[in-house]
Amino acid sequence: MTFDHPSIRRLVRLALEEDIGRGDATTTATVSAGIPGRATIVARHPVVVAGLPILRVVFAEAGMGAARTELRVEEGKTVGSDTPIAEIADEAARLLTIERVTLNFLQRMTGVATLTRRYVEAVAGTRAKIVDTRKTVPGWRLLDKYAVAAGGGENHRFGLDDGILIKDNHIVACGGVGAAIERARSGGHRLLRIEVECETMEDVAEALGTGVDVILLDNMAVREIAEAVRRIAGHARVEASGGVTLETARKIAETGVDLVSVGGLTHSAPAADLSMDLELLQ
Amino acid sequence: MTFDHPSIRRLVRLALEEDIGRGDATTTATVSAGIPGRATIVARHPVVVAGLPILRVVFAEAGMGAARTELRVEEGKTVGSDTPIAEIADEAARLLTIERVTLNFLQRMTGVATLTRRYVEAVAGTRAKIVDTRKTVPGWRLLDKYAVAAGGGENHRFGLDDGILIKDNHIVACGGVGAAIERARSGGHRLLRIEVECETMEDVAEALGTGVDVILLDNMAVREIAEAVRRIAGHARVEASGGVTLETARKIAETGVDLVSVGGLTHSAPAADLSMDLELLQ
Amino acid sequence: MTFDHPSIRRLVRLALEEDIGRGDATTTATVSAGIPGRATIVARHPVVVAGLPILRVVFAEAGMGAARTELRVEEGKTVGSDTPIAEIADEAARLLTIERVTLNFLQRMTGVATLTRRYVEAVAGTRAKIVDTRKTVPGWRLLDKYAVAAGGGENHRFGLDDGILIKDNHIVACGGVGAAIERARSGGHRLLRIEVECETMEDVAEALGTGVDVILLDNMAVREIAEAVRRIAGHARVEASGGVTLETARKIAETGVDLVSVGGLTHSAPAADLSMDLELLQ
Amino acid sequence: MTFDHPSIRRLVRLALEEDIGRGDATTTATVSAGIPGRATIVARHPVVVAGLPILRVVFAEAGMGAARTELRVEEGKTVGSDTPIAEIADEAARLLTIERVTLNFLQRMTGVATLTRRYVEAVAGTRAKIVDTRKTVPGWRLLDKYAVAAGGGENHRFGLDDGILIKDNHIVACGGVGAAIERARSGGHRLLRIEVECETMEDVAEALGTGVDVILLDNMAVREIAEAVRRIAGHARVEASGGVTLETARKIAETGVDLVSVGGLTHSAPAADLSMDLELLQ
Amino acid sequence: MTFDHPSIRRLVRLALEEDIGRGDATTTATVSAGIPGRATIVARHPVVVAGLPILRVVFAEAGMGAARTELRVEEGKTVGSDTPIAEIADEAARLLTIERVTLNFLQRMTGVATLTRRYVEAVAGTRAKIVDTRKTVPGWRLLDKYAVAAGGGENHRFGLDDGILIKDNHIVACGGVGAAIERARSGGHRLLRIEVECETMEDVAEALGTGVDVILLDNMAVREIAEAVRRIAGHARVEASGGVTLETARKIAETGVDLVSVGGLTHSAPAADLSMDLELLQ
Amino acid sequence: MTFDHPSIRRLVRLALEEDIGRGDATTTATVSAGIPGRATIVARHPVVVAGLPILRVVFAEAGMGAARTELRVEEGKTVGSDTPIAEIADEAARLLTIERVTLNFLQRMTGVATLTRRYVEAVAGTRAKIVDTRKTVPGWRLLDKYAVAAGGGENHRFGLDDGILIKDNHIVACGGVGAAIERARSGGHRLLRIEVECETMEDVAEALGTGVDVILLDNMAVREIAEAVRRIAGHARVEASGGVTLETARKIAETGVDLVSVGGLTHSAPAADLSMDLELLQ
């Protein structure tokens, strides 16, 4: 139900208000009210499409509930250059006013999905899944994670409350990996699994002894990752993270880890190049 | 007053709510309340710092009004690898809980400023200014434009209501460049300038005849831009836009245009790599 | 899109909440639910009607989406005494509950439009346009400016961000008219025109030298205004402001100024006298 | 606690957002940050001052919690021309930015109080009190009623839920004055009094028979009002309403009614003429 | 119009957000989208049903405007064990997601109505009415009072502004019962009645002398209540309050008081036991 | 950080608005502004105190940031009859206005904690923990769960997104216990554990085969629960639920289950009896 979520509506409202301000001065002055139009959203280069359901949310919040939308492609599919993605029929002036907000949403979500797909393809054939992180653009957590999933990636925790991930600072505060896991086990509620970040083989050994659910190998060299996987030997899931790039992702995946997490999917994906063409129907 | 603006507060709230959810399960379980801590935000590679005033907004909205912050660098300055940017003293548990949201804000703003600086340097010595567009991340208009300015760029319109920019669709609706400018002149209020998008030399000639304020050369080749600049000859400001890259920016600038607008500053800037180190003071 | 603007919706919600509180004690007790009714809004004296689109916003926010409304007159038209303006069919009890809020909106907007029309008629035949100011009732900026336009006036800036208007205090801070205009030119973005307030002929002369876009003659006598217009001689637009009344407007207009701004249009317009008659259809 | 009420804060936020938009383009460009200033609010003609507590709310919502305010006059007092009302010390740029919103609030509240005082003085020496109505500017209910009280008037119901006022339409729906009062008595809760609108002597007689608390004489001639007062003879409170002006108020008051209600206090009060003078302290 | 009230919508939104968080992890994983379902809400023991109109509000706020609801019983009616109360047809996955929030609303409102009915039956045949208090669950004032009315009770004040109830602390501040009533009479507006709390016969005597509207006998023994009723002798309405239970209610009612107020109706009513059965229609 | 959570602030605002409305008519009329007072909150019978941190949130939202509060007891402690819990010093009139809202919050939280403590004591000495459910009062999820923890209980899931709990309807939709667990495992993210509801020994056997994390025995007789515990033999955690009362809790706990969940902790806890005594300090 991502797109019905109230925080999506809040973000869309913020986006409309910041762009439209007190009104579209250009369109009001140059385009008469009441002229029907048809807008076509087009991808200018090959992309993995993501975010089409945002159209209906943008239109609803913009008072354009009567807009008729036809999707020309399916969410998560790759399309080639100059492919029409969606057509929207409404008053031409209204279509012009919401053009930029609409494209700004779609170009980011499509950009994230497109980059994710490249990582997914890079590790194809290994057991590893590409997963996202909490390094999302503020305000965009749900949309960023949705786009990763549309691109074929998996989602890690959505926030600080739906999983326990013990990092270096937590370990320091508890005086060690084992003690930290013990405290997490008694303090969290019982349907949250526990993951612990390990930087050395010693950390890994200590974590294994506690029966932790997931071990996160942070910033290890590929050779170290491979050794850690051997030691863990299936007694916990294994996630590798830290500076993963399209170049290094496959080598890491081939060590046998379960998950490769990539912050760049959401913090540095370039936007897709989309445009909206308008036809006046009068 | 960017950082006092209510839409910044709305975005910060959205960001805190989506990340913290019902609480930080890991920190609550592993770090005792009341332990004082000191967090240091560090740049891991050379960047142009932007966004430090967001710290106070994040802390205020997170109920951390008592946090003491010391900035170690100035907004808009370039810093080298591993440079401390800011230090924050507060309860350790609270610092851990807001770590990711804080970094997510700073890493994007710093990323935008850093990329902008590269464009600004690319056109140094020409008369051209680098300007942004409305291709910002939804919800981030003010922060994205602030970061561009911190990086040395100039801001174009903030929204649809503080300037008139006549694009192809408006021209079609009016039946021509001249007619569109005429309607805009009588329809907008009198403190808004008028800019018109031109795709051909004929458009430019027609626009010049109307005494328009700014002419936007859209997706023209460098040679065409140069010719347009000659024809316009100072009778209007000239902006060049469309697929500008770090490679092409200087050549375009050298044609004598006043403004080079770059959508990528805000829609495709990679995040800066920042981290927060925590020291427990007990 | 004024009436779809989120701040209109916020104002309407505020108005409904402050009037209805926890419910309409009188109607709940005295009028059975379910009885259909028809309400007719009537002007009790000649007015210029403005604000009819607010009806649909009030009904939507009051949960009366099913109300059927028929407008009997057109927005901006003058109607005589006892003219029906609109008819609304819905449950009688609901119509009674929203009667006062609805009338309170319409009587103010119609009052502003009616007063504006009188000023417009007072300057008819001159080149001058009647324009509004930012002296609107807090919360009512968009509606007040909409009503001025419905009455035949023109709108000046909508806020502090869509135009540059340099006033005496800004001039003092910069050390002079010329310096102030220079700073404004480099500091604002390039699609905002610049207007400067002048109190003396010396100010006017200095402003003219800078090529400013609009010159505001503040609180000058008619004779001075006339002289300033002669000196400016078309090199800038000219606005006259300060204590303009229905008695003085024409004389000022006849000096040849482009704009006569009148704060009283929005801060002191008397409300129109409207009433709502209800017919129970059972 | 009027000025701590959340709907006042909502209105102030709306007012700041609609005026400031994305920022004060003029002040940002022309006045350096950090220069201290002192603003003095001055009445340009004799007024009854009302609304001073709004200053602190405006400043709080504008992020100007550090502004120091000294009031020079007391709320509800009459002051002469060119009297300083309040002085505010803060950064000059911030004072310029909130100047108009602040004055817009004060000039309306002071205008309402000033007009109310004239009505109060008109009926001085009679038993009648001047009371307001629900014909307030939407969004302004609490502030309008506060200003009436500051001017020496009394407040009638604040909304539809804190008193029962049976009007013509309610009477029609119940089939008569007596039946309506009976239904109101059993349907409302027991701490709400009941007032009934009467248009004829027959209505008055029927109302008296029910022991109603207050009788509202609507649009009656002075002679009729006098007769009604005689008949009621203290068995209910008496309110006169409908088209009351400064000219007719005293005659109505002299009939012996308890309350004279005047819609114009809040729907048609002209704004007071206030200005803010700024002194730069550097 | 209780269920159209904005504070109900705010409460429903809060309830949906706190329960659904970022999405229904279980249903998303296990139930395919698009499968139609039919949910039946069933009472597992005899109850007085209250709150059915909340269904439409919950569905609207959850983006389930297309759900079709059929009520099987009437609001305020007693139903036996295992009685179907309402049937809802919508997508099965959506029904599962809003199951708990929906039941949590209905089980509380039905619980309050059921307990109220028992008190109403306990005093049947006396002149006394059972009334509620302001001891409602925070956020639930309108719904709690609605449920009391559905159970056959009467509502007392809805808040601090729709009636005057002078308690011990107010009396102390004024220096006595008589003085307090006098101040209340001149300070409140004229459509609010005045009730005063009395703890002794002396208080009652003093209150009677002022012609107060309602006398509240607080925490008196039944014998004292009876005596107070005799003394008051119809010159004011009489309310008894303080530790009333199902055991003591009738005796208190038989003294001849008009109102018996019971805080426990809303602060301690046990929830009704309701369940939702789901049938997949595929 | 429960009490800094934005949804707590939203609930507190709702509570203040619904109770105070447009102002406290009684206190405004009878208690002069500016008189200092001291309020003491007292428990009238033995309770487990919970909710003291809400005081600061209520005061902040009510504009009473200057109130000084001294707690007399510790959160989660049992106190006897007539024990002072907290003292608050502020203006007397303000204390009177927020009295009821403050008590309404504390009496519910203390009631929930007190009831929880009785269950916790009932199972003392067994391995079982008392846990809550999602059967909380809408709007109160965080506060209800906080109060359960203050009473010594443990918290189960906070919402639908922080754990996977497969119920009968999910099982039906998947065609069986095993299939449902399989789908949940691949569909949820990897830090959520999986719990499955079992109604028969066959369900338990099937669930055990899948290696599920927690088995919920729903509405089983004590004898059946005991048998299920034997069969599960530590291979999954065991939770018992369904109609648990203070009478049956211990017997269920003695079967060896890990968790006994009790909906009544939050849906049917009677409010504690608290009062606020006010002393005027003048």
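Order as written gives the chain letters A, B, C, D, E and F; numbering starts at 1 within each chain.
Criterion: a residue touches a chain if its C-beta (ideal position, glycine included) is under 8 Å from a C-beta of that chain, and two chains touch if they have at least 3 such contacts.
No experiment lies behind these values; they were computed from the predicted model shown.
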Joint neighbours of subunit E and subunit C, given as chain labels: A, B, D, F
Geometric centre distance via CA averages, subunit E-subunit A, whole Å: 45
Between subunit A and subunit D, centroid-to-centroid distance (C-alpha), Å: 53
Subunit A-subunit B separation of Cα centroids, rounded to whole Å: 21
Subunit F: positions in contact with at least two other chains: 17-18, 20-25, 28, 97, 141-142, 158-159, 161-165, 189, 192
Category of the chain touch graph - line, ring, star, complete, other: complete
Interface residues, subunit C side, partner subunit F - complex: 18, 21-22
Complex interface listing, subunit E residues touching subunit D: 154-158, 161-165, 189-195, 213-214, 237, 259
Subunit E-touching residues of subunit F, taken from the complex the two chains share: 7, 10-12, 14-15, 17-32, 35, 92, 96-97, 100-101, 103-105, 107-108, 111, 134-142, 158-167, 169-170, 172-174, 180, 183-184, 186-189, 192, 263-264, 267-268, 270-271, 278, 280
Footprint of subunit B on subunit D - complex, ascending: 13, 16-17, 20-25, 62-63, 94, 97
Footprint of subunit E on subunit A - complex, ascending: 1-2, 4-6, 141-142, 158-159, 161-162
